[in-house]
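Two complexes come next, and they have one chain in common, chain A, joined by chain B in the first and chain C in the second.
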Partner chain A sequence: MDTRFQPGDTVRVRVDSPPHHFRTPVYIQGKVGRVAAIHGEFRNPETLAYGGDGLPRQPLYLVHFAQSDVWGQYDAATRDTLFIDIYEPWLEPVEH
Partner chain B sequence: MPQVHDRGGWPGAGPINQAGHDLSMWEQRTDALLVLLSSPTKQLIRVDELRRAIESLPPDAYEKLSYYERWISAIETLLVEKGVLTKEEIDRKADEGKVTSNE
Partner chain C sequence: MHDHEHDHAHEAAHAPIVERDALTYYERRVQAIQALLIEKGVVTADEVRRTIEAMDARSPAMGAKIVARVWVDPDFRARLLADTKAAVAEMGVDTGSLIKIAAVENTESLHNVVVCTLCSCYPRALLGLPPDWYKSLNYRSRVVKDPRGVLEEFGLDLDSDVEVRVYDSTADMRYLVIPARPAGTEGMSEEQLAELVTRDSMIGVTKARKPNR
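Coming up: the complex of A and B.
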């Protein structure tokens, strides 16, 4: 499987609001997290939603974020982590 | 501005009501209908399409409808879109149902 990112990579979620169906919630867009795992490759829901074949398959990642990075005001435990599944086209690399 | 279904972190949305309730017969039938329509042998509706149709509901309708009302509304949209049924056929059958339930 040819993937752009590997577990441990730092990534930023793209900010976008395409006119079609998409699975990346607005609250996570623009946030920086790290790839925890690669789930595999799956047919793309953005075209499946309109009767398309969903091909080519897209790598789907499990990405984790510090909750304090996701929410502007977050006063619970600072080690709280959000895990979320995100398709590759929604991720961009972050240079260290 | 997020769409109506994309509501993670909406301010003032309040806690989620997690109380369960028994499903009525029409809700169970709606669930069964989607299982049939999306079965590997039929493949008339994909779950991705159902989601898209639910998300396309006008925001006020989305807020007003219950969970399975959103489902059945989306199923109707998709069956008409795919030419399986017409709006007229569905409305006629719904009217027949009203008569039956009054008997």
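Coming up: the complex of A and C.
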């Protein structure tokens, strides 16, 4: 399986509101996190939703974020995290 | 003729059962599609009924059995964490071909809780139908932003040094929380342990029950 990102990579969630079905919540768009795992490849829900075949399959990543990076008011003293499943087209590389 | 006195007493006992007059758009659409599929011989009414019956028959008991096995069998635990789908298949649970399942373990220093902010994705094969609150906008919008506050409302107060990890299952993965084995359960049988594993503890809004001893 060819994937653009590997576990440990820093990524930013793309900001977009396409006029069709998509499964990347708005609250996580624009946030920077890290790839925790690669779940595998799945049919793309963005075309499946309209009777398409969902091909080509898209890599699905488990991406984790520090809660204090996601929400401005979150208590930064905690180690709390958010893990969320995101398809590859929604992720952008972040240069260090 | 109607007995006037009787009608009054009866109304006081319970509100009359009234059929909702208008179906919603989606209810009408589903009924139309179902009627067409039956008419064209794609499915039968009995198949639809049997599928609903099978879905309703699933319950958190299956998940509880799996958690109890994890607690008593370290090899099973390792297999489950490595490949949840294959490990639950060992216990006779078919999770279907499309959905993948991952198990996440709660410990003294890590507490996992699951939500689907976009809809109500839920590991139905292992836990049955989700509770109404899991599908509520309130839970879905708040647990991701203020998990500690929401868990407190469920009666779970976590120390600040415990990492609270929210899983937002937005896609093809379903998450099963493996609650930590409660103290004082040494020597209990797998069946007894399974009784301590509640639905809510496998969603992650609470811990497994303590033994009554």
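We take it that the second predicted complex is superposed on the first by the 94 of 96 C-alpha atoms of A that agree within 3 Å, B and C clash if a C-alpha of one lies under 4 Å from a C-alpha of the other, contacts with A are read in each partner's own complex, and residues count from 1 in each chain.
What we mean here is this: contacts are C-beta pairs under 8 Å (C-beta built on N, C-alpha and C of every residue); 3 or more make two chains touch, one makes a residue touch a chain.
Here the structure is a predicted model, which means the values were calculated and not measured.
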A:P25 touches, of chain B and chain C: first, second, both or neither? both
First, second, both or neither for A:P45, with chain B first and chain C second: both
Touching partner for A:R79 - first (chain B), second (chain C), both, neither: second
Touching partner for A:A36 - first (chain B), second (chain C), both, neither: neither
Partner, of chain C and chain B, that touches more residues belonging to chain A: C
Contacts of A:Y87 with chain B and chain C, given as first, second, both or neither: second
First (chain B), second (chain C), both or neither touched by A:A66: neither
On chain A, positions contacted by chain B and by chain C: 25, 27-28, 45, 71
Interfacial residue positions of chain A with respect to chain B in the complex: 20-21, 25-28, 45, 48-51, 54, 71
Contacting residues of chain B [partner chain A, same complex]: 2, 6, 8-9, 46, 48-49, 51-52, 55, 82
Touching residues on chain A, where the partner in the complex is chain C: 23-25, 27-28, 39-40, 42, 45, 60, 62, 67, 71, 74-75, 77-87
In the complex with chain A, residue positions of chain C that touch it: 100, 102, 117-118, 144-145, 147-148, 160-161, 163-173
